[in-house]
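Please go over the structures that come below.
Below are two complexes that have subunit A in common, paired first with subunit B and then with subunit C.
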Partner chain A sequence: MNSEKQYIDLYHQANDLICRHSAPLMNAHRQEALEAFQRLGFPSKQVERYKYTNVAQIFAPDYGLNLGRIDIPVNPYEVFRCDVPNLSTSLYFVLNDLFYDKALPKATLPEGVIISSLGKACEEFPEVVKRCYGQLARPGKDAINALNTMLAQDGLFIYVPRGLVVDRTIQVINILRSDVDLMVNRRVLIVLEEGAQARILVCDHALDDRNFLATQVSEVFVGENAHLELYELEETHVKCHRVSNMYVQMQANSTAVLDNITLQNGQTRNRTDVQLAGQGAEVHMNGCVIADQKQHVDNNTLIDHAAPHCQSHELYKYVLDDEAVGAFAGRILVREGAQHTVSKETNANLCASRTARMYAQPMLEIYADDVKCSHGSTVGQLGDAALFYMRQRGIPEDEARLLLKYAFVGEVLDSIRLESLRDRLHHLVEKRFRGELSKCKDCKLCK
Partner chain B sequence: MLEIIDLHASINGKEILKGINLTVREGEVHALMGQNGAGKSTLSNVIVGHPSYEVTQGKILFNGKDLLELKPEDRAHEGIFLSFQQPVEIPGVSMVNFMRAALNAKRKYQGLEPLSAGDFLKLMREKRRIVELDNKLANRSVNEGFSGGEKKRNEIFQMAMLEPTLSILDETDSGLDVDALRIVAEGFNKLRTPQTSAIVITHYQRLLDYLKPDVVHVLLDGRIVKTAGPELAFEIEKRGFDWIKEEQ
Partner chain C sequence: MEDKNSFVRQVAEKKYEFGFTTDVQTEIIEKGLSEDVVRLISQKKDEPDWLLEFRLKAFRYWQTQEAPTWGHLKMPEIDYQDISYYADPTVKKNQDAPKEIDPELMKTFDKLGIPLEERMALSGMAVDAVMDSVSVKTTFTEKLQEKGIIFCSISEAVKNHPELVRQYLGTVVPYRDNYFAALNSAVFSDGSFVYIPKGVRCPMELSTYFRINARGTGQFERTLIVCDDDAYVSYLEGCTAPMRDENQLHAAIVEIVVMKNAEVKYSTVQNWYPGDSEGKGGVLNLVTKRGHLRGENSRLSWTQVETGSAITWKYPSCVLSGDGSQAEFYSVAVTNNFQQADTGTKMIHIGKNTKSTIISKGISAGKSQNSYRGLVRVAPTAENARNYSSCDSLLLGSSCGAHTFPYMDVQNESAIIEHEATTSKISEDQLFYCNQRGIDTEDAVGLIVNGYAKDVINKLPMEFAVEAQKLLGVSLEGSVG
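Moving on to the complex of A and B:
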């Protein structure tokens, strides 16, 4: 049986169940998604953007799904105690694909700002959802979009109306929780209207020692003059598979920070497509990957300069050890007419063992003639000279290796704007390199 | 203190040291001279345990211990310090973290508790003065963007922090102007005690004017071919090495 068949069969068998427990606005897209998925199938490694991850293999196992929306008896506010200093955020939880609203943070949001379940938003803000849902993540363009649109029943909705500023960081914790191997299809819609501002930190955790497969499709709309900071941090475990597609559309003079950190995982594939659609938009993307054992992290980014006077700055760094596999493919596309584009893409990678593998593919395509662009990538090993210098000073080899790895990612950690996250990451990364669990102390979720 | 007996060593299968015998006693400063390629740097690298070199014969004893059995870091903990000919830049590792890791590793080896942050920074301040090392340098990454002179001063600063009993100065005078040379040499002299010894590799008399070696050796093709008092250095300065070669 090929990997696609089980999902198509599932859809046919459970179509009623899926739709019964989901909003009509989302159901309206399923048929088109099914047809697209049947047509596309899972991409093989021959497909340019999937060269480095065997998607069909990730989707081959037989996972359970919670299509009947059976309640998960856990209050994340009680079990999740994250003693990170100075990280005062408005904290929300998404359990698998379910936005947890039985308890909510006390901090009040500016009136009109909505953070809720996507399903609920379909009922309460149908015009916003209708305008946005499926508009960037088109099922016909990508099999993961199609599969997610076919099966997703709920997820997260963040809406900041025109001119509103959310001062407090919005922290969303995605928790994978199950007693059986589970597939989760989560959908995210983030809409910042003209002049709106928000800072969002999304952390992925897994509560149970189960095999998880989470697909997540996010559509992010950044209006004119709006400012978005979106930080994603994955801290799951070796049995977690994450396949994420994120589409970001930026209007004129908007700015966005899109940082992505993989600290602990099993297999991860992150696709991020950013469209600089309006003049003067500016995006900063920082990525940091730390992987060892047999972990796999594939970041695939596209920055589409579709308008003049836009800027993009991208820095991704990987530290790979043991038999870990990393991939970074970053394509910058400067379209005809996108004059005065400024774009800089840097990817630097460290293979700390002989068996770690890194695939690096920076790409720059320019169809305008007055632009300033650069792109580059390096793959290196720990410097023998530096290692010996440190050992001669009495620093044991393990410690010296740790200091060098830590120094290597220091640049990207320092470039994270959210101070509390930056400090926390410095701490977590060091612990990670020391082989201690890269988890918060006393955090019952992170066992 | 240090006893090298019939030491043979090679790199990539090529024999560089062909039977070195050398004894350094407590409180002595030995100068090691010789033309490029004679094996001076190889000898210092072998003493500190550089993994690229293979010792094929002979032994090195340090305070009676078999040095060749020890890892480089443990040789450092035993009190051996090499001032590198080309100090390595380590971007992203701050001098403070670097020195703290080094010092606390040594203290651990000696069974001592790590220094408190306050005590450590106080020690940094104190030792920095010995070589007039700017505070700004101490806060930067290890050797990154340091000038040639600053790198060498930084080597002596590290030596001051770690208080080795045997220091090897590998062409510490290379690339230094007259003032920087004086600061480095005077810094080194301030650190000398009757219990500390040094091996100084140099091509020039000028550094030796400051350091006043007790013994001068000439290394030629992997062997020590001449050993004498400080006057030998003067003679080499005047006459070069050819006359020594001809004596062989």
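Moving on to the complex of A and C:
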């Protein structure tokens, strides 16, 4: 229980400081979150959805927090160059948990589209924030939600009003930068109104060789007929811990693509809950995990078919090497009355070493009869026949292995709709398999 | 609509075929559970001290535990003090001819179609008939003895072959295994004991028939099968219970030990009383079944047809320790009305080159909930382990549920594990095709369901397969929407 205690104590000690540097709208939820957190505590491995990740252990070390919101003297625009060729994006940065607004991209957004810090949004668009904040990520439901709501002071706010289409990809880079071990609590609110369209790419990077712990709670609202593409790419290092909870609510006839790629990390736990709330909603989720050394990646997804005629397609692939631990739990819930549901879940995993460990748990829970649901899951290794075939043709064994691994995750990468990102990822993944650090070549930060 | 309703009514009125009770004088001990009760059961069975110790240890452990709640089930609260843990229907034995069975009991088993006397010679099947807590009769024991096969009730085995029982009892399912295993270890009554010596191929099917008769009791049978090197046995289990509007508890343990090159086939047709169409009454079937494949190249297959019980919560499992051992699990689980099933298997791969296959077919109708839950674990030592799992669910009706919860835990890179699952309903096309050829919808559904379950039913021994097919039909009648 000590892990919980340090956060509760911290909250009691620094309550004033936290509230002073945050918006009243966010402060209004803190007391409830504290009570929920005290009641829930960190989930043990006995809790079904946290079976594969020891959350309390992740939170146990003593991290610093930047509650006083001290500025970090880095201008990310100057030092950071994203190396995705041909990808012209509107680029934004979140430094630790501060939205960087000292310089903003020159390209203008369509009028009415807002990308700003959540704190600012609380002042400028209180009605939107009030309507959405804490509505999906209820503190009472989950300890991570509670902790994040208790401590988060700011975050990212993306709002696309009715009928507007954002052509240019919105790119958000989360940068972890600190001279001491640091915990950051990010909060993300994405609201797409009726008929809106947006494409968002979120990348996680860490600059310093420090222990980092990032909690992130995202609430995503996709309105009727809206279309959202959200790509999350994690490329940090072995000392980074990420605990993310994302809640997505989709209204009638909306579509969403939620891709999650973990290339480099320490310990990662991603929970994604998607609720198909309106008829005809459709969600595509793709995930790709490449882990070696002692990395730990746990993706836990829930697709809740609450309305009829919805579709969900889920594809997750893992490649595990060394002593990496992978976990995938995907639950598909088809509620009573959600007829004509089409749902397909696929999870394939490759263990490349004796000590790698994979937990796979695809689940179907179905309460309606006129549905078409299937799931498939495999755990295996590279085929000897394929290796032999390639070696026979003069490809060295290492190269052959690499090619096969690369081809294995290719299915996920090919399903990425953002073309320039897809090409870039092919390149990054290949580099990753070659054991080269996945640096972007023009980026001064990683060097 | 009119048609449908009349049919539903007709079926609803159709009684559970085996729901009668037998009017036989039964000695039932006081309700309640305490150390004294455990001692009393042990004393009634005239057991040696080591077994009493085993029971007491289990009971003390059970007291420290809480009932598990993780199943996808809505369990009624079980009052363990409101159950009688021992009921003996053979008490009114004729003192002069102790081998005679009460004619009432004979009639019961006759009615159930279990051959105990004259017909047994024809059936070619050895039967151990267990009513409530006591084994009524075991047939063919002498004939089997010629081959060195021991087939008797576990109480007899404790008396006649204590060394064997002591060597194996509780080694596959230890009393600390789970809540219900602890309970069973404390209060278990009769079940079958089978020992097949080295190199012997059991010439006939062995079978146990379980029947709950007395009111307010539970059945806690314990079965132990040991198949020594190069031996083979096929074992069948069947069960029924009378219709009562209270829930009756059935918490059994089945332990199977398979040695080198030996093979065991274990088939179950479970038809405990499922409760009425309102979900009242029915048997709570909470069973721990596990096989330990100890020897090299040993084989074990579980085949189960689950049509009865208000609640079925069991995972017949295999621990594959022997190198090259193979395990199979075939299951058809049918739930109708308010029945709930959370069943599946566990395959624990420990030895090298071990192989397991899981074929599970779930059929849900009415307002029932049917879950498959399975674990495939590959230990670091299990080189080249191979598993194939396939779970299909069929939904009949819009208020039932079908769920799949497979768990895979792989710690060896040479393992190949595959799992696939589908959920669907009977397609309009299939029904139309049958209708077009003059098969009415009700029969067409039966036909399609039987075809769907064929993979599993084919694995059953002949006599059982026929019964299972009939059962599938009966269980699903009236469920076509």
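Just so we're on the same page, the second predicted complex is superposed on the first by the 445 of 447 C-alpha atoms of A that agree within 3 Å, B and C clash if a C-alpha of one lies under 4 Å from a C-alpha of the other, contacts with A are read in each partner's own complex, and residues count from 1 in each chain.
In the analysis below, a contact is a pair of C-beta atoms (placed from the backbone, for glycine too) under 8 Å apart; a residue touches a chain by one contact, two chains touch by 3 or more.
Keep in mind the model is a prediction, meaning the values are calculated, not measured.
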Clash or fit, subunit B versus subunit C on superposed subunit A: fit
Which superposed partner A:D167 touches (first subunit B, second subunit C, both, neither): neither
Touched partner set for A:L403, first subunit B, second subunit C, both or neither: first
Partner chain in contact with A:T378 - subunit B first, subunit C second, else both or neither: second
Touching partner for A:R354 - first (subunit B), second (subunit C), both, neither: second
First, second, both or neither for A:L364, with subunit B first and subunit C second: second
Which superposed partner A:A386 touches (first subunit B, second subunit C, both, neither): first
Angle, in degrees and to the nearest 10, that opens at subunit A between the C-alpha centres of subunit B and subunit C: 70
Between subunit B and subunit C, more extensive residue contact with subunit A: C
Superposed arrangement (fit on chain A Cα atoms) - minimum subunit B/subunit C Cα distance in Å: 13
Interface residues of subunit A shared between complexes with subunit B and subunit C: none
Partner subunit A, residues of subunit C touching it in the complex: 70, 72, 378, 380, 393, 395-425, 481
In the complex, subunit B residues that touch subunit A: 48-51, 71-73, 75-77, 81-82, 84, 87-93, 97-98, 101-103, 105-106, 109, 141-142, 158, 162
Subunit A - residues contacting subunit C, complex: 48, 336-337, 339, 349, 351-381
Contact set on subunit A toward subunit B in their complex: 383, 385-386, 388-397, 399-400, 403-404, 406-408, 410-411
